[in-house]
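See the structures that follow.
Next come two complexes, and both contain subunit A; in the first it sits with subunit B, in the second with subunit C.
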Partner chain A sequence: MRLDKLGVVIALIAGYAVAAAPFATFRANRIVAGEPQTLLAALPSWAGPTLLAVIAAAVLVGLFRTPSTLRLAASFAALAALLLLIGTAADHLTPPGNTYARVSPASGFWLLLFAFALLAADALTRLRPTPPLRILVLVLAGAFLGFVLFTGSWDRLSILKEYSARADSFWAEASKHVTLALGSLAAAVIVGIPLGVLCHRVQKLRAAVLNVLNIVQTIPSIALFGILIAPLGWIAAHVPGAADIGIKGIGMAPAFVALFLYSLLPVVANTVVGLAGVPVQANDAARGVGMTERQRLFRVEFPLAFPVILTGVRIVLVQNIGLATIAALIGGGGFGVFVFQGIGQTAMDLVLLGAVPTVLLAFAAAIILDAAVELSSPFHARTSA
Partner chain B sequence: MIEIENITKRYGAATVVNDVSLVVQPRTITVIVGTSGSGKTTLMRMINRLVEPTAGVIRLDGEDNRTLPGYELRRRIGYAIQGHGLFPHRTVAQNIAVVPELLGWDKARTDARVSELLSLFQLDPETFGPRYPHELSGGQQQRIGVARALAAEPNVLLMDEPFGALDPVIRSKAQEDLLAIQKRFGTTIILVTHDMEEAIHLGHKIAVMDGGNLLQYATPAEILANPATDFVATLVGTGDRPFRFLSLSPAGDAVEPGTAEGEAIPASATQRDALAELLWSGRPALPVVNEAGKAIGRVTVDGLVKRASRPAA
Partner chain C sequence: MKLRLPAIVRIGILVLLVVFLARPEWFEPVFRPLTQNNAPVIYNQGSLLNLTLLHLRTVAIATAGATIVAIALAILVTRPFGAEFLPLSRSLVNIGQTFPPVAVLALAVPAVGFGEKPTLIALFLYGLLPIFENALTGLTTLPPTVTDAARGVGMTGWQRLVKVELPLAMPVILAGIRLSVTINLATATIGSTVAAKTLGEVIIAGLQSNNLSFVLQGGLIVGVLAVMIYDGLSAMERFISRRMGLLQQG
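What follows is the complex of A and B.
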C-alpha cells in the first residue's frame, strides 16, 4: 500500500504529541506553575491504553491511501475519544474534594486535536459533501459538544471552572459579542449594498469610495478606536438623546462603529464586483423585455450578483467575529473581556474561555455561509449533474 | 405599421445611422441587411427605444413611440436579442414567462402560453420547462430566445440575427418555423441579418444598409433586378450561389397558373434562363409553353426568386 503525504505529516505530529509532549497540566491552584502529565499518567489505567489504541488506529488509516469515508470515520473517532477523555483526565488528576486544583489540556492534547482535525478536514474535502450535508456534519459536531458539556464530563476542566465562576457574565459577554459582530454586519450590509450599487452605476464615485474604504481598512483597530473617541464623545455631549441610546466615546459604540467601518470594504467591493460580473446580455435582455430600472436591479442584477455579494458577507462575518474580541479593550464587552482579563492575570484558562468560543463561532459561521454561497448559485453548480 | 422618419443616431462625432426613412407594412417581414457595423442593430433598437435617436421620429400605428415610457413600449414589442440573451438564473419556463409576468397576466394564462410556445418550437414543456439555459444546446437557446420574444403575443417582433449561431440544417428549419409563426399570428417582423440569402428567403422587403445609410429599400425581386448601388450589387452577388440551383431545374417545374403577355419560353429551358429573361426584359411574368407549343402557365420573378433561395421547396 502506498503512503499518503498528509498522513505522514499527521503521523509525525501525533507521534511527537504522544511521545514527547504533555497531555494535561495539573496545578495545585489557579495561579501556580503547572506539572505536565504524560498521556498515560494523566488517564486512569483503562483509558490511557484505549486512547493510545484509537490514536494508533487512526494514524495508520491516515498513513496509507485508504478510502475517504474510512479516514473520516477514523478521524472522528479519534477526535471524539480525545474530547471525552480529556474530561476523564481532569477527573483522574483532581484529588477528591479538592476545589482549588486545576487541570487543563496541554500541548500534546492540542497537537493531537489539530492533527485529527486536519485528517477530518482533508477527508471531508475529498468526499465533496453537498452543502446540506456539510451543515448536517456541523450540527452533529455541535450536538456532540453540547452533549459533552451537558453531561458534565468536562466540569473538572479548568476552563469550565473559570466558566462556572462567571457563568452569568459569560452569557452577557457572549450576547454582546454576537450583537457586535452581527449588528455591525447588518449595518454594513444595509449601507454597503446600496453604496455598492451606486458605485456600480456611477463610475466616478467608484474609485473614490473604494480608495477611502481601502484606507480605513489599513488603520489598526486600536488607532481607529482612538480616532473615534473624540467624535463620538462630541455626539454624546451635543446631540440630544444620543447618550441615552448608549453612544459614548468608549464602550460598545466606538467598537460597533469601528467594526462597521472595517466591514464596509468587503461588502461594497463585492457588490461592485458582483454587479460588474452580470453578463451584458442579461442586462440588455432585461431592458429589452421591458423591465424598469428597479425591476432589472432586483430581478436580474441582484440574483446574478448574489453569490459574490454573499461571499463578501461571509468574509465580513468571520472577520467581525474575530475582531469583536478587540472591543473589550475600550470597554465594549464581548469574549475579548475574558481574553484580556486572562492575560492580565496570567490565567491561560481564562484566555481560553474567551478564545475557544470565538474560534468555534467563526468556524461555524464560515461553514454555514460557504454552504449558503454554494446553494445560492444552482445555475452554475448544475453543470456536472 | 411602423414608420421610420429621418432617423439619425450619432455617438459623439460618429454618425452610426444617417437620416434613414422607411415604412414597414403590417403583417410583413422586413429584413435589414448590411455588413458588420453598418448600424443594423442600432436602427432596430431605436424602434423599441433601447437606443434614443439623435433626430427623427418613429411611429407605430401612427403613434409616436415616445408617447409611452420606454419600458411599457418594450413590453409590447417582442425583442429577440443578438445572441439569445436568456437569463442564466431563470429556468426556460421562467424566461419565457418574463413579459407576461411584467404585464401582470395570471399564472394559469402564463403557464398555458409557455407550454403552447414550447410545443410550437417542438420542445417538450415537461422536459425543457424546468431546465436552465446552460442545459440547452445553442439552437435550443435561440429558439427559447424567440419564444420569449413572442410570449406576450406582440404585434411587432424585432429579431437581431436570430439564426446567427445555427448550423445550416437547423437554420433553414428555424426559418421555416418563423415563416409559419408569422403567417399564423400575422406578426409584423423586422429581422436583422448579414446573410443576403436569408434576407431574400424571408423578406417581403429588404433594407440594405452600409455605413449608417439606407442604400435601398425594396422587394427581393427589385433588389435582384435593379441593385441601387455597386455595394448592393456586390451584396446580392454574395447571394448568387443559390441561383446556380436554378440552372439545374427546368422552367416547367416552376410553372404557376395564369397567363402572361409577350414571347413565351419553352418548359425545357432552365429556370435560370427564365429569370434572366424576366429581369432583362423587365417584365413581371413570362408565359411557358410545352414541346407542342401549347401554353401551360407562367413563371414569375417572385416565384423564381423564392425558389432560388430555397431550392428544395
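What follows is the complex of A and C.
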C-alpha cells in the first residue's frame, strides 16, 4: 500500500501532540499558571489507552491510501473521542468538591483536534457532498455539540465554568451579536439591491458609488467605529427624537451603522455583477414578448442574477459575524465583550467563551449560505454531475 | 475593482497626514470642540508619529513573512509533488477566512503571551490566506497554450516557473498582497488590545477616558493610512500589469 502525503503530515502532528505536548492544563484557581498534564496522566486508566487506540487507528487510516468514506469515518470517530474525553479529563483532574480548580484543554488537545479536522476536511473535499448532505453533516455536528453540552460532560471544563458564572449575560450578548450581524445585513440588502440596480442602469453612477464604498471597506473597523461616534453623538444631541429611537454616540448605533456601511460594497457590487451577467438574449426575449421594465427586472434579471447576489450576502454575513466582535470596544455588546474582558483579566477561557461561538457561528453561516448559493445556481446540476 | 483617487486629492491628503503626524499641536483648534473639562486635545501618551511607524513596521514584517510563505506554499501545491494537497488547500483557505481576525488575535495570546508577538502571529496567519488564495488562482489559471509553448521550447520546470508562470500570475498575486495589507492594517489596530504598540492605542485610550478627540485622531490616521496604502498598491499593480502587457507584445 502506498503512503498518503497528507497522512504523513497528520501522523507527524498527532505523534508530536501525543508524545511531547500536554493534553490538558490544571490550575488551582482561575488565574494562576497551570500545570501541564500529559494525555495518559490527564485521563482515567480506562480512557487514556482507549483514546490512544482511537488516535492510532485514525492515523493509520490516514497514513495509507484508503477510501475517502473510511477516512471521513475515522476522522469523525477521532474528533468525537477527543471532544468527549476532554470532559472526562476535567472530571478526572478536578479534586472532588474543589470549585476553584480549573481544567482547560492544552496544546496537545488543540493539535490533535486540528490534525483530525484536516483529515476530515480533506476527505469531505474529495467526497464532494451535495449541498443538502453538507447541511446534514452540519446539523449532525451541531446535534453532537448540543448533546455533549446537554449531558453536562463538559461542565467541569474551565470554559463552561466561565459560562455558568455569566449564563444570562452570555445569551444577552449572543442575541446582540446576532442582531448586529443580521440587522446590518438586512439593512444593507434593503438599501444595497436597489442601489445596485440603479448602478447597473446608470453608468455614471456606478464608478462613483463603487469607489466610495470601496474606500469605506478599506477603513479598519475600529477606526470607522470611532469616526462614527462623533457624528452620531451630534445627531443624538441635536435631532429631536433621535435619542429616543436608540441613536447614541457609543453603543450599538455606531456599530450598526459601521457594519451596514461595510456590508454595502459586497451587496451592491454583486448586484451589479449579477445583473451585468444576465445574457443579452434573455433580456431581448423579455422585451420581445412585451414585458414592462418592471416585469423584466423581477421575472428575468433578478432570478438570473440571484446566485451572484446571494454570494454577496454570504460574504457580508461571514464578515459581519466576525466584525461584530469589535463592537464590544465601543460598548455595542456581542461576543466581543467576553473576548476583551478575557484579554483584560488574562483569563483565556473567557476569551474562548467569546471566540469559539463567534467562529462556530461564522463557520455555520458560511456552510449554509454556500449550500444555498450552489442550490440556487442554474449551473449547479451540470457542473456537479 | 480598483480604487482611483484624483492625483490632487491624493497629494493633499498625504501632505495633511504628514503635517499632522509631525506637528499635531497645530491642529488643536480643530479638535478642541470634541473635548470636555479641559481634557488634553492631542494624544499625549506617546508620539503619534512613532506609533504610526510602529504600526506600519508590524504590518510590513507580518505581510512580508506571509507573502514569502504563501507563495512558496502555492508553488508547492501546484507542482506534481504537492498536487495531493491542492484540493485540501482550497478548502482550508475558505475555512480559514471564516475565522474572524479578532479571534485569531485573541487565541494567539495564550500561546505566546501579550505584546507584539500575538499581533505578529495573527497578522501573519490571517495575511497568508488572501495571498495564498490569489497565488493559487494565478498559478492554476494560466493559459495552457503559454505553458505548452514554454515546454515546447525546452524550458525546465524551474525555468517555466520563474520565467513564465510567476510573471504571468504576478498581477493576481499582487492583488492578494494588497488585500492582505488592508486586512492587516485593521487587525494591527486591534492588536493594541493585547498591548502591541500600534495606532489602536490612541483610539482605545480615547474610548477609555471618554475623549472623543483621541478617538477621532486615531480613527482618522488609521483610516487615511489604510486608504492611501490601498490606493498606492492599486497604482503599483496597474503599473506592473501595464509593463507586463508591453513586455508580452514586444
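One rule holds in what follows: the second predicted complex is superposed on the first by the 378 of 385 C-alpha atoms of A that agree within 3 Å, B and C clash if a C-alpha of one lies under 4 Å from a C-alpha of the other, contacts with A are read in each partner's own complex, and residues count from 1 in each chain.
One rule holds in what follows: a residue touches a chain if its C-beta (ideal position, glycine included) is under 8 Å from a C-beta of that chain, and two chains touch if they have at least 3 such contacts.
All figures in this text were calculated on a predicted structure; none of them were measured in a lab.
Visitor: In the overlaid three-chain picture, which partner chain does A:183 touch, first (subunit B) or second (subunit C), both, or neither?
Guide: neither
Visitor: Does subunit B (first) or subunit C (second) touch A:222, or do both, or does neither?
Guide: second
Visitor: For A:288, is the partner it touches subunit B (first), subunit C (second), both, or none of the two (neither)?
Guide: first
Visitor: Once the structures are superposed on A, label A:122 by its partner contacts, choosing first (subunit B), second (subunit C), both or neither.
Guide: second
Visitor: Residues of subunit A touched: more by subunit B or subunit C?
Guide: C
Visitor: Quick one: classify A:348 as touching subunit B (first), subunit C (second), both or neither.
Guide: second
Visitor: A:36 contacts which: subunit B (first), subunit C (second), both, neither?
Guide: In the superposition, A:36 contacts neither subunit B nor subunit C.
Visitor: Considering only touches as defined above, state whether A:131 meets subunit B (first), subunit C (second), both or neither.
Guide: neither
Visitor: Which residues of subunit B touch subunit A in their complex?
Guide: 48, 50, 71-76, 79, 81, 83-89, 98-99, 102, 132, 134-135, 148
Visitor: State the interface residues of subunit C toward subunit A in the complex, per the touch definition above.
Guide: Contacts found on subunit C: 1, 3-4, 34, 82, 84-85, 87-88, 90-92, 94-95, 97-103, 106-107, 109-111, 114, 182, 185-186, 189-190, 193-194, 200, 203-204, 206-207, 212, 215-216, 218-220, 222-223, 226-227, 230.
Visitor: Quick check on the complex: what are the subunit A residues that touch subunit B?
Guide: Against subunit B, the touching part of subunit A is residues 279, 281-282, 284-292, 295, 300, 303-304, 378-379, 382-383.
Visitor: Help me check something: in the complex, which residues belonging to subunit A touch subunit C?
Guide: It comes out as residues 4-6, 107, 118, 121-122, 124-126, 210-211, 214-215, 218-227, 229-230, 233, 249-250, 269, 318, 321-323, 325-326, 329-330, 336, 339-340, 342-343, 346, 348, 351-352, 354-355, 358-359, 362-363, 365-366.
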